[in-house]
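The following pair of complexes shares a single chain, subunit A, combined with subunit B in the former and subunit C in the latter.
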Partner chain A sequence: MKILVCIKQVPDMESKFKVNSENTWYDSGDLAWRMNEYDEYAVEQAVQLKEQQGDADLTVLCIGPDRVKETMKKALAMGCDRGAHLQDDESHKREPLEIASIIAEYARDKEFDVVFTGMQSQDRGSGQVGVLLGEILDMSCVTTVIEFGFEAGEIKVKRELEGGVKAKVKTTTPAVLTCQLGLNTPRYPTLPNIMKAKKKELLSSPAADLLKVDSRQNTQTMYFPEKKGVGLVLEGEIADLTDELIKILKEKTGVLA
Partner chain B sequence: MTTNYLGEKMADTILKGGEYLIADLACEDIFTPEDFTDEQKQMGETTEQFIVNEIMPHIDEIDKQNFDIVVDGMQKCGELGLLMMDSPEEYGGLELDKASSMLVSEKVSMGGSFSVAYAAHTGIGTLPLIYYGTPEQKEKYLEKITSGEWIAAYCLTEPGSGSDALGAQASAVLSEDGKHYILNGTKQYITNGGFAQLYTVFAKIDKEHFTAFLVEKSFEGLVVGAEEKKLGIKGSSTTQIILDNCKVPVENVLGEIGKGHKIAFNVLNVGRFKLGAGVTGASKMALVEGIKYANERKQFKTPIAKFGAIKEKIADLTAKIFASESLVYRLAGDLDNKLATIEKGIDNYYEEYQKGIEEYAPECGISKVFCSEVLAKTVDEVVQIHGGYGFCSEYPAERYYRDERINRIFEGTNEINRLLIPGMILRKSMKGELPLQAEAMKAFEALMTPSFEEIEDVPFAAEKALLKNMKTLFLILAGAGVQKYMDKIADEQEILMAAADIAIQIYALESALLRAEKNYDNVSESKKELYLAAVKVFAFDAAEATGSAARKGAFYIEEGDTLTMILSGVRRFTKYDATGLLQAKRLLASASSESEKYLF
Partner chain C sequence: MKALLIAEYRDGKLLGGNNELMAFAEKIGAESTMFLVGNESALPAYSGKLYLADGNECGEYNPSVHKDLILKVVEKEQPELVVFSHSSYGWDLAPRVAYAMQAAQVSEVVDVVDSMPVVPVCNAKLRRNVKVTTAKAVYTLQAGAFSAAEEPTGTPEVEKLNKDSEGKIVFEGYEEAEKGGVDLSKSEVIVSAGRGVGKPENIEMVAALAEALKGDYGASRPVVDAEWVEHNRQVGTTGQTVSPKLYVACGVSGAIQHLAGMKKSEFVVAINTDKDAPIGEVADVLVVADLKQFVPALTEKVKSL
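For the complex of A and B:
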C-alpha cells in the first residue's frame, strides 16, 4: 500500500499577528512555526494505517520555504517513511487550486492508495485543498473524517456534519480523506524516533515545476476587524448600580421604552 | 582535526574551565539556544507537550503525594526516551549531547514536583551507574532504569553530614563468607526514596574506605523511612533510607573501593549544571504567569502591566532570565565540544569523560548558583506582581515561591558552590593550568595606568568594555587576596564569596552579551532592539553587583593606600554608561506584555 499525507506549516496560533506591508497576508517575521493541527491528525492516521498494513510506504509532503523541513521532520519522527519537500518561498500567496494542483502533479504517477490531509489549515482555512486534489486526480474524497477504518480494500469512515450530525461512509481506494479534530490523539515523537528520522529521506524539489494551473483568486486586502464598542463593567453599591443600569437602558437602548 | 558535533569548532580552540576570566572570546565561540538543530527543537517540543498534557493537569494531586501519578509519569517518560539521553547506545541509550539533555531538563521543570523526581532519577540516580558501573552491573540495571521500570535514588547525605559529605558515618563490613557487605547507617533527604527500586548508597568500608554500592530495594535490611513534611516540592518523595544490617552482594560495589568520593562529587557537577537548566525553565514559566496576571489585573481602571513599577519588574526579570538561559546553553556547548574530543570506544572513556566535565566544575557551580538565584528573584517578584493573590494558594505563584526555595540548598548549597568556584580556579592557577598570576600582575599595572580608551559607537561596545574591566577587577582582587593570604586563602570564606560573586557576574554577562551579538545580524529590527535592551538592562545590574562585591572584597583584604587604590579601581572598572536604561526596560516590558511570552 502507498500512502501520502499532506501537511502544512502554520504559525503558533497564540502569536500576536501583524498584517504584512502589502496588506495581503500576515507578517511572517518573529513567528514560531508548527504543524497545522488538523494535519497532525492526518499524520497520526496515516501512521496508524501503515502500522496496520505492515508493508505500506508512507510519504509526507509539504509545500513551502526551507523552514517547513523542520515540521516535516516531526512527521518523519512520528513514523512517515520519506519526505517530499516542494520548495516554494511564495506558497503563502497560492490559492487552494494552485496548492492542490502542485500536490496532484507530484502524486499523479505514484499510485497512492490513500491520501490524508487536514480538513483545513489554521491560517488560511479554505478547506478546499483536499477536495480539489481528489477532483484533479479523479479520486474519491471524504471530508471531516472523525473515525477511520480499513478492511479488505474498503475504507469505512465516520464524518462530522453540521449541528453534531454524523454520517458513516464507505468508499474504495484510491481515496482522499480530510481529517477533523477528534479522529485520534497524535503521538508524541519519541526521542529515539527523532534521532532515527534524521536518517530518513527528505528530498527538496521546486514546486514551480509542478504548478500547472493559473491563479484565479487573489487576496485584495487583509485587515483586522474594526473594534466595536467595548463592554462596560459597573461597580459600586447595588442601589446605585440599579439606578445607573436603568439610566443606561433608557438612554442607549429601547428595552424600557 | 577534531570538530564538535555541529562540525564547527576545533578542539584546540576550546577554553579550559575558568579560562573565561582571562580570555577574550568571540561570539562565534559560544553555543546559544538559537543554534539548536531541528532534532533538538523536536525533543524540546515532545517534552513540553508531554509535561503540559500529562503532568501539569495533575500537579495538585501530585503535591498531595499521590505518587502513583509520578511513577506512572516516569514510565511514560521512559517510553518517550526521556530517561535514556545520557545512557550508552550498547545499553539501548541515545548518548545525546548535553545541549539536548539541558533543553529537555528545562522543559521538564514546568512539571513542579514531578521534575524533581525526573532530575534525581536521570541525574544523580542514573549517572553513577553509567560512569562507574561494570558491564555486568549495567546489563543488570541500566535498561530497567532508562525505561522507567525502576526508579533510581542517590543516598549520600546523612543526618550529621550534608555539605561535609565525606564525614559520613554509614558503615560497610565484609561478611565472613566474603560474599556480602553488611551496611549500617541512616541516609537523609533521599529524593525518590519512597518509590525507588535502586539506590546508590555511599558508606565507609571498615570505617575508612568511602565506597559506593548499588542497593536494590528488595535487599534484606533496607528500610524506607517516613516522608518528610516540606516547605515546597511537596509532591516529590523525600525520605530517610535506613540500612539495618543491609546485605549487599560484593558484586554490587560501584567503582573502586575507597574511591566513592570521586563518584559522589563528579556526579554533582552534572547535577549542578542540569539544575541550572531546570531552574531556567521554571523562571520562564513563572515570569509568563506574572506577565499574564499583570495584563489581567486592573487597578485605577488600568491594567497594572501599564504601570512603571510593574514594568520594571518584568523588564529586570526578562533580562536576568535571558542571562540565565544564555549561560546554561553556553556551558552545554563548551561541555559538548570538550566531550566530543574524547574518542568513543576507548577503554577509559568514562574516566576521560569525567575529566572533561570536571574541567568545567567552576562553570557548573556558577550555573547552579546564578540560575537558582535568578529563579529566587523571579518567583519573589511574581508573587509581588500578584499582590495578595500571590499569597493565596489558589494562584500558582504561591507554589512557585515555595518550590523554588530548595534549589539554593540541594546539589551543594549555594554557599558551598560559591566557595568552590574561586577555590577551584585558584587551584588551577597554582597547578599552572591557568596563568592567573601573570594576568593579575597585568591587571595591577592597568590599575596604576590611566586609560583614555574611547568606546566605539557600535552595538554592544560599551558592554564589551565593561566585561573586560570586570575581568581586570576580578584579577586585581584575586591577586590581592592570594598575595595576602597565600595558600591560607581557603580559610577566608567571606573573601572567596565576594570573589565568586564577581566571577559569576562575569560569566553571566559574557554569556548574554555574546549570545545577543552572535544572533544580532540574523533577526528582525524589532528583535535587534530587544537584544540590545536585554543586554543593557543586565549589564547595568552586573556592573552594580560586581561593584558591590568588589568593594566588600577590597575592605576585607586591604587597608591604607592599597585599599584606596583598589577602591578607585572598583569605581573605574565598574563604570558603565547605561544611557537609555529606562527606555530599554520599558521596551522589554511592553513587548513582554504584548506577546505574553518570555521574549527570547
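For the complex of A and C:
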C-alpha cells in the first residue's frame, strides 16, 4: 500500500501578527512555525494505517520555503518513511487550486492508494485542497473525517456534520480523506524516533515545475478587522478586578441578585 | 448578476443556512434561483424558481450525485455566482462544483466590499479582500454572516430534476449526537473552559466558578478533543447552541465555531491574557488576567456574597 500525507506549516495562532508591506499577507518575520493542527491528525492516521498494513510506504509532502523542512522532520519522526519537499518561496500567495494542482502533478504517476490531509489550514482556512486534489485525479474524497477504518480494501469513515451528528460513509481506494480535529490522538515523536528521522530521505524539488494551472483569485488587501462592539476592558490587580466584575454583574445581569 | 443558491436538506429537514443565502443575494442585489435536494413537503420559504431533486431518490448527501445535478442547473441558468453555506455540505461540495465550472472558489465569505468577497484568516485575527479573476465564482458563506432582518416568506416555483449518475461514496446512515448528560441550552449561567485553561486539572476551577454562580460549565472544542471535558458539554457548531443570561469564557480564544454556539448569550464575560483574542469581539466585559489566579479569586468572592 502507498500512502501520502500532505501537510502545511503555519504560524502559531497565538502569534502577534503583522501585515506585510504589500498588504497582501501576514508578515512572516518573528513568527513561531508549527505543523497545521489538522495535519497532525492526518499524519497520525496515516502512520496508524501504515502500522495496520505492515507492508506500506508512507510519504509526507509539504509545499513551502526551506523552513518547512523542520515541520516535515516532525512528521518523519512520527513515522512517515520519506519526505517530498516541494520548494516554493511564494507558496503563501498560491490559491487552493494551485496548491492542489502541484500536489496532483506530484502524485499523478505514483499510484497512492490513500491520501490524507487536514480538512483546512489554520491560516488560510479554505478547506479546498483535499477536495480539489480528488477532483483533479478523479479519486473519491471524503471530508471532515472524525473516525477512520480500513478493512479488506474498503474505507469506512464517519464525517462530522453540524450539531454533533455524524454521517457513516464508505468508499474504495484510491481515496483522499480530509481530517477533522479529534480524529485520533497525534503521537509525540520520541527521542529515538527523532534521531531515526534524521536519516530518512527528505528530497527537495521546485514546486514551480509541477504547477500546471493559472490562479483564479488573489488577495487584494489583508488587514485587521475593525473592532466592533468591544466591551469594557478590565486590567489591573486581581483583587480589584474581581470586585469590579462582581459590581458589573450585579448591575447588568440578574445573576447575582 | 445571477446567483444560484444551494439550499440544504438533511434527514427529512431543511437546514437553517438557507435563509442566509437569500439574505446574501439580496445584499449584493443578485437575481437568484435556488437548488435543493429535498422534498416537496418541506420547501424553503422562497419566492423564486427552485430546482428540486427528490431526496428519497437521490439519497442523503452524495458528492458526485449532487455535483452533477447542480451542474445541470448551472448549464441551464448560467449563473455568475453559485452560493453555498460554509457547512459540512457546502465546503465538501463547493470545490467540486467550482472545479467543474472552472470557476474560482472563495471559502467562508463574511462580507462583500467593493464587489470583493471578504474572508477571515488566522482564526479571524485577520481578514482579506479577494480579487476573483475568473468570470464565474463559487462562494461559501460563513454561518451567521448574512442574516435576514425578517423570516422570509413565499412559495417557490418548482422545477423537478432527476438524477442520472451514481456516486463513488456509499452513505450508510447517521449517528446521532450523544444524548443524555447536560442540556446547556436551558442553563442561565454557563462558565466555559477554553484551551487557555492549560491543563485538565484546571477544569475543576472552572466548574467551581460555575457552581458558585449556580450555573453549569461547558467547554470549547480543543478542550473536548483533548478529553478534559466530555463532548456533551461542548459549546459551538459541532456541540450545543446556548443562550444563557451570563456566559463566562475562560481562556477561550473565540474561534468562529465557538462564537456561533454562544453569541446569543445575554451578557458575555471573557477572561483572557490576550487582549486581541477574537472572543473580545463578542464580550461585554474582557478581563485581561491570568485565569488561574482570577477564577479562584472570583469564585471565593461570589461564594462570600
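The rule is short, and it goes like this: the second predicted complex is superposed on the first by the 230 of 257 C-alpha atoms of A that agree within 3 Å, B and C clash if a C-alpha of one lies under 4 Å from a C-alpha of the other, contacts with A are read in each partner's own complex, and residues count from 1 in each chain.
FYI, a contact is a pair of C-beta atoms (placed from the backbone, for glycine too) under 8 Å apart; a residue touches a chain by one contact, two chains touch by 3 or more.
None of these values were measured; they are calculated from a predicted model.
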Inset, instruction - In the overlay, answer first, second, both or neither for which of subunit B and subunit C A:K252 touches. - result: second
Legend entry - subunit B versus subunit C as contact partner of A:G231, first or second or both or neither: second
Legend entry - Which superposed partner A:G127 touches (first subunit B, second subunit C, both, neither): second
Legend entry - subunit B versus subunit C as contact partner of A:M1, first or second or both or neither: neither
Inset, instruction - Pick one for A:K166: touches subunit B only (first), subunit C only (second), both, or neither. - result: second
Legend entry - subunit A residues touched - subunit C or subunit B, whichever exceeds: C
Inset, instruction - Please work out whether A:Y188 is in contact with subunit B alone, subunit C alone, both, or neither, and reply first, second, both or neither. - result: first
Inset, instruction - Could you tell me if A:G29 is touching subunit B, subunit C, both of them or neither one (first, second, both, neither)? - result: first
Inset, instruction - Classify the contacts of A:T221 with the two partner chains as first (subunit B alone), second (subunit C alone), both, or neither. - result: second
Inset, instruction - Identify the overlap between the subunit B-contacting and the subunit C-contacting residues of subunit A. - result: 14, 16
Legend entry - Residues of subunit B that touch subunit A when the two form their complex: 38-39, 41-43, 45-46, 49-50, 79-82, 84-85, 94, 96, 523-524, 526-527, 594-596
Legend entry - Touching residues (chain side subunit C, partner subunit A) in the complex: 10, 15, 60-61, 63, 87-88, 91-92, 94-96, 99-100, 102-108, 116, 119-134, 137, 168-178, 188-189, 213-215, 221-222, 224-225, 231, 234, 237-239, 245-246, 253, 266-269, 274-276, 280-289, 293-294, 297-298, 301-302, 305
Inset, instruction - Provide the residue numbers of subunit A that touch subunit B in the complex, in ascending order. - result: 14-16, 29-30, 69-70, 73-74, 77, 188-195, 197-198
Legend entry - Complex contacts: residues of subunit A adjacent to subunit C: 11, 13-14, 16-17, 19, 24, 26, 95-97, 119-120, 122-128, 131-132, 135-136, 140-144, 156, 158-172, 181-182, 215-225, 227-235, 238-239, 241-243, 245-246, 248-249, 252-256
